[in-house]
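Here subunit A shows up in two complexes: once beside subunit B, once beside subunit C.
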Partner chain A sequence: MKFIKFTFALLSCAIITSCSTDDDNSSENLTGQTGNVVIKFDNGVGDQDFVFGTSYNKSNEESFKLNNLKYIISNIRFKDNEGNTFLYPIEKNVFIVSEDEGNNAGEILLTLEDVNAANYTEVTFGIGIDQERFSKGADGQGDFLAKAQDAGMMWSWASGYKFIRFDGAFSTNTITDEGLNLHMGSVGTSLDNYKETTLSLPNSILVRADKNPEIHIKADIMKVFDGVESVNFADGYDQVHVDAVETPIIATNVAAMFSVHHVHND
Partner chain B sequence: MIGLQNFNFRLLAGFIFSLTIQLMYGHEVKPPCESHVYKPLSPLCDLCGCSTGSGSFGFGTLGNSNFVGLRYINQNFESRDGIFINSPKSKEVFNTYQLWAQIPVNNSINITVNLPYQNLTRKRVNANTETLRGLGDASAIGWYKVNFYKKESDALTFNTERQPSGHVLQFGLGVKLPTGKFEEALADNVNPGFQVGTGSVDGVFSLGYNYGTNKFGLNTLMTYYVKGENRNDYQFGNQFSYSANFFTAISKANYNIMPFVGISGDMYNKIRQFGETIADTDGNIINTTVGSELAIEKFIFGLNYTLPLSQNIFGGNVTSKNRFSLYVNYAL
Partner chain C sequence: MKKEILAILTVIVLLCSCTQSSDDVVGSYEAIPLVVNKPSNFPDIVYNLDNNQVTEAGFELGKKLFYEGKLSANNAIPCAFCHEQAFAFTHHEHTVSHGLNGGVGKRNAPPMQNLAYQSEFMWDGAATHLDLLSIIPITSEVEMGETLSNVLSKLKADPYYQTQFEKAFKNGAINSENMLKALSQFMVMMVSSNSKYDKYVRQEGNVSFSKKERDGLDTFKNKCASCHATDLFTDQTYRNTGLPINPRLNDKGRFVIFENSDDLYKFKVPSLRNIEKSKPYMHDGRLSSLEAVLNFYDNGMVENGGLVDPIFKKEDGSLGISLTPYEKESIIAFLKTLTDNEFLTDDRFAEF
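Up next is the complex of A and B:
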């Protein structure tokens, strides 16, 4: 009998505790509210953190090590849980992700300010510069032109931007430490290598005035060589610049090297 | 809201079912020593700093006497500070100082209370050491004890004094309060347990079975924690803790020594934030503990050392290294 009483006591307590203070946020009015979003780019090779000067083995008994690793990210936009898209203002929406500007953990942070408050579930961005931005001419590039020149991410204006830049050395089973240079971009207007990638987020990010959500993106550098298509240094992919066959393959591989590891809502 | 209640009912039903099974098949429990509760990283505060009041740490003493006392717990963790295998490791040291007590209400009922003070540090490679100090989450559990007695053999005994059989069942029902401060910014850490409190009101449901003679004893305990959501829409995963300790009693003229060995474990569900489940925030750990108590007159001195036997916490991003605990209690 006592046990039955006890069970009832337990039951009633459970009912009490299960009444959580669930103040539903669905009626929250977000109109006019904005917040920041941090996108963290983290370069790695498989499950290893990328480190300059470290030799990484790829397919076909080839290996590579780098002393320079940069790429251009542009046209970042977010899709919310209602299907609306927020495009970050175009004039500010172009960044250079440079491994040598990483923090202690090798993470490169891009901060997007004044993003419309919403619950976003998807991010899209481009790798490189699209033809529309390029067509605005040198004067239409704003500060970014000088930034790209300083970072070594341009050929001449006529040839345009280098979308990715890898410099280092490669080895095969017959060659040791020969120069490796991938300077892939569009070639003026004749060859368009701008690509976009869309990644769904494992958890929504809540953009609000009082929050600082963060998207942690992992870039698997190995996929530049062993990605959608595998390429060999021995076949000419040790020097990739403006070749009409090689650059689209590298551009496709680069666009597929990104994944969202996790997000934070703090 | 309704969904949540249904969910809790299911949990409750499961809990009561397991209680019933325990009653049918045996005598289980009352284990004073619970192992420690781990919660996962970014979201798992219960796991670490704020979980030190939990079942796997133990709510009481081996002999199950009433007391007031002080307990110190030192826990060490290693967390991956990044998303890669070769990311730097940070070291976390959690020091907990607890005022704890077991207070009798009557022959069948007593209450255990626990008021922790937390001092947590996190050492990162090439970065400042972070320190977090403050009052932790207080908890109180009411225990209802069922003593079993020897069968009155041979019908002719008129002795009304029944002989205790040494088997004791114990039910606990309690609450953990958000007296420790939950800092939302810290929830981003690889180790979500780096918090002095969960910020939530949690329900605690326990079932214990103890058996003891003059020479040895066995204390077992199972505890289920129903975690509430805190003000930051953050909710640690529900947790199941279990422990079993076997002790012997060595009686001397002026003192008793009670060495013990035990096994304990914690299982955590995933953390939820803003109504979504966060990946890699669940966990499972099994520990082994050795220790001893020394009773001199009214004082009980205890010490124990705990090592994990197997673990997978926060997607493997957090590793529990060891735990050391010291206490001194005054018997009531």
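Up next is the complex of A and C:
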């Protein structure tokens, strides 16, 4: 397989080289060419980096600290400068972003291979598992079910995924360090908490066989509680599981916590 | 120039991928299809067979997995531990079941039959897809107490599974997708549709009902069939039937799925097929005979703190379904016509 990729890359280079000799640079022919894209997820809290065990203040004189922080990202797709969309192959297009798998900078890297070469201006992704994927049962899931279970991202009492998982403790002005567990997901077909977010890139990423562009995405964890709508631990948001009122609010807040910090084209 | 290079590239890629695929698969995939039985008196199949075509090899693999202790943490508790064929795949004479390390569950093991015709599973509807259903008992601490990845490592180390997954699936992978699909292939084939009742309604082979059985069927249609509907004998809804709460279990039923108070103490309307064989009855197995069940509906229902299904409200405001002794006797005679001995003794589903 490595050999194929190498051959492919080598020959692709040959094509590019021949293109540039035969054609004008401005009408670069990208047909059949692919490259990798790295998406970095970087969890933070407002203007601070997120660190396990550190206490962060939110509104209503409440604070929280976490020892577990994970979410599922799926259905990543890119829009190019001509309006075409490239959807990463659906079977591979589901990832668990786990803070404890971050590098020293606290970044979790997802590598998308064989993305069609183009100049992309926009990225869209979903948080969680959409109904279409879930309704297929095991079909097309490969080993994701086992992976999700190992990561603690599946319910134990029912079949289904936790889309986002925060575990830790919260404090209010009357309570100190009580359990905080936010395990939000869809429940069957009747409670659908899958949401997508679309982010414009500050400058295009140029996907080519010889380039590995990176998109650096910041996730502001504070927005899960103080986001589109502010919620309070004191009002029951210390334990969020399957409630039909609470979970859609959290899902909306989560979908709005992402922003593109910058991109790299080198 | 460009076109030539592209052509060469394509040829090379094709050659490489051809060589590779023949290396990987070794040509042992055997796609001999099996047909899921669709009796004329049944509603449509719900399970999407297009996504998981049942094959001989896949069915055999699923059956082996169903009887495989390695699916549990101590390698000793297969699915079949609580689902015995002779008793419509229930745990014979167990009110609730025991599993790993003596753990005791909260609910009576439900029968397994006609699963391809159902969209939700478990007493509370916790599983919304047949493929995903098995994850719950495999991972439950009081049942099989194992993780999917541990099960897969054990299967990967076993020569039988190394071969059988290759026979059953095009990509031959021993992964959670294929394991769960194989279990589903076994389960969708488990169709119970050859009881005396089935033959009677399909007018097969001169089967006739006695007067008592006919009377029982009539009473059943009048008093029971609004919930135990269709020839699956369930409308697949969740209902609070006014069972007194067992404080030791305090099982809130479907409430745990959505934490919605309207769902308190609701459980799925069970099918009545092979009911004669699947005792004890109710979600926690508290009633050990059909007489006890009918007596409960006649005069045992209580306001249990949840929303008891209004269908049970009589004109005088009390709860229950009034039944005379003869009605009970004849309903039971009718229910026994739902016993499908062909299914209960079918070698295809038997361990040996």
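As a working rule, the second predicted complex is superposed on the first by the 235 of 266 C-alpha atoms of A that agree within 3 Å, B and C clash if a C-alpha of one lies under 4 Å from a C-alpha of the other, contacts with A are read in each partner's own complex, and residues count from 1 in each chain.
As a convention for this text, a residue touches a chain if its C-beta (ideal position, glycine included) is under 8 Å from a C-beta of that chain, and two chains touch if they have at least 3 such contacts.
Only a predicted model underlies this, so the values are computations on that prediction, with no experimental measurement involved.
Trainee: With the two structures laid over each other on chain A, which partner does A:Asn29 touch: subunit B (first), subunit C (second), both, or neither?
Mentor: After superposing on A, A:Asn29 lies in contact with subunit C but is clear of subunit B.
Trainee: Answer with first, second, both or neither: which of subunit B and subunit C does A:Gln48 touch in the superposed model?
Mentor: Only subunit B is touched by A:Gln48; subunit C is not.
Trainee: Touch test for A:Lys65: subunit B only (first), subunit C only (second), both, or neither?
Mentor: Once the two structures are laid over each other on A, A:Lys65 reaches no partner at all.
Trainee: Quick one: classify A:Ala146 as touching subunit B (first), subunit C (second), both or neither.
Mentor: After superposition on chain A, A:Ala146 lies in contact with subunit C alone.
Trainee: In the overlaid three-chain picture, which partner chain does A:Val187 touch, first (subunit B) or second (subunit C), both, or neither?
Mentor: Second partner only, subunit C.
Trainee: Enumerate the residues of subunit A that count as touching subunit B in its complex and touching subunit C in the other.
Mentor: 3, 7, 11, 14-15, 18-19, 22
Trainee: Can you check the complex and tell me which residues of subunit A touch subunit C?
Mentor: Within the complex, subunit A contacts subunit C at residues 1, 3-4, 7-8, 11-12, 14-15, 18-19, 22, 29, 32, 134-147, 149-150, 154, 156-160, 187-191, 241-244.
Trainee: Show me the residue ranges of subunit C that touch subunit A in the complex, using the header's touch definition.
Mentor: 1-2, 5-6, 8-9, 12-13, 16-17, 20, 48, 51-52, 120, 122, 124-133, 135-136, 139-140, 147-149, 152, 173, 175-181, 184, 256-260
Trainee: Can you list the subunit A residues touching subunit B in their complex?
Mentor: Residues 2-3, 6-7, 9-11, 13-15, 17-22, 25, 42, 44, 47-49, 51, 104-107, 119, 202-204, 206, 214, 216, 218, 261-262, 264-266.
Trainee: Can you list the subunit B residues touching subunit A in their complex?
Mentor: 1, 4-5, 8-9, 11-12, 16, 19, 23, 42, 81-88, 124-127, 144, 146, 171, 173, 175, 184-185, 187-188, 201-203, 205, 226, 228-229, 233, 273-274, 276-280
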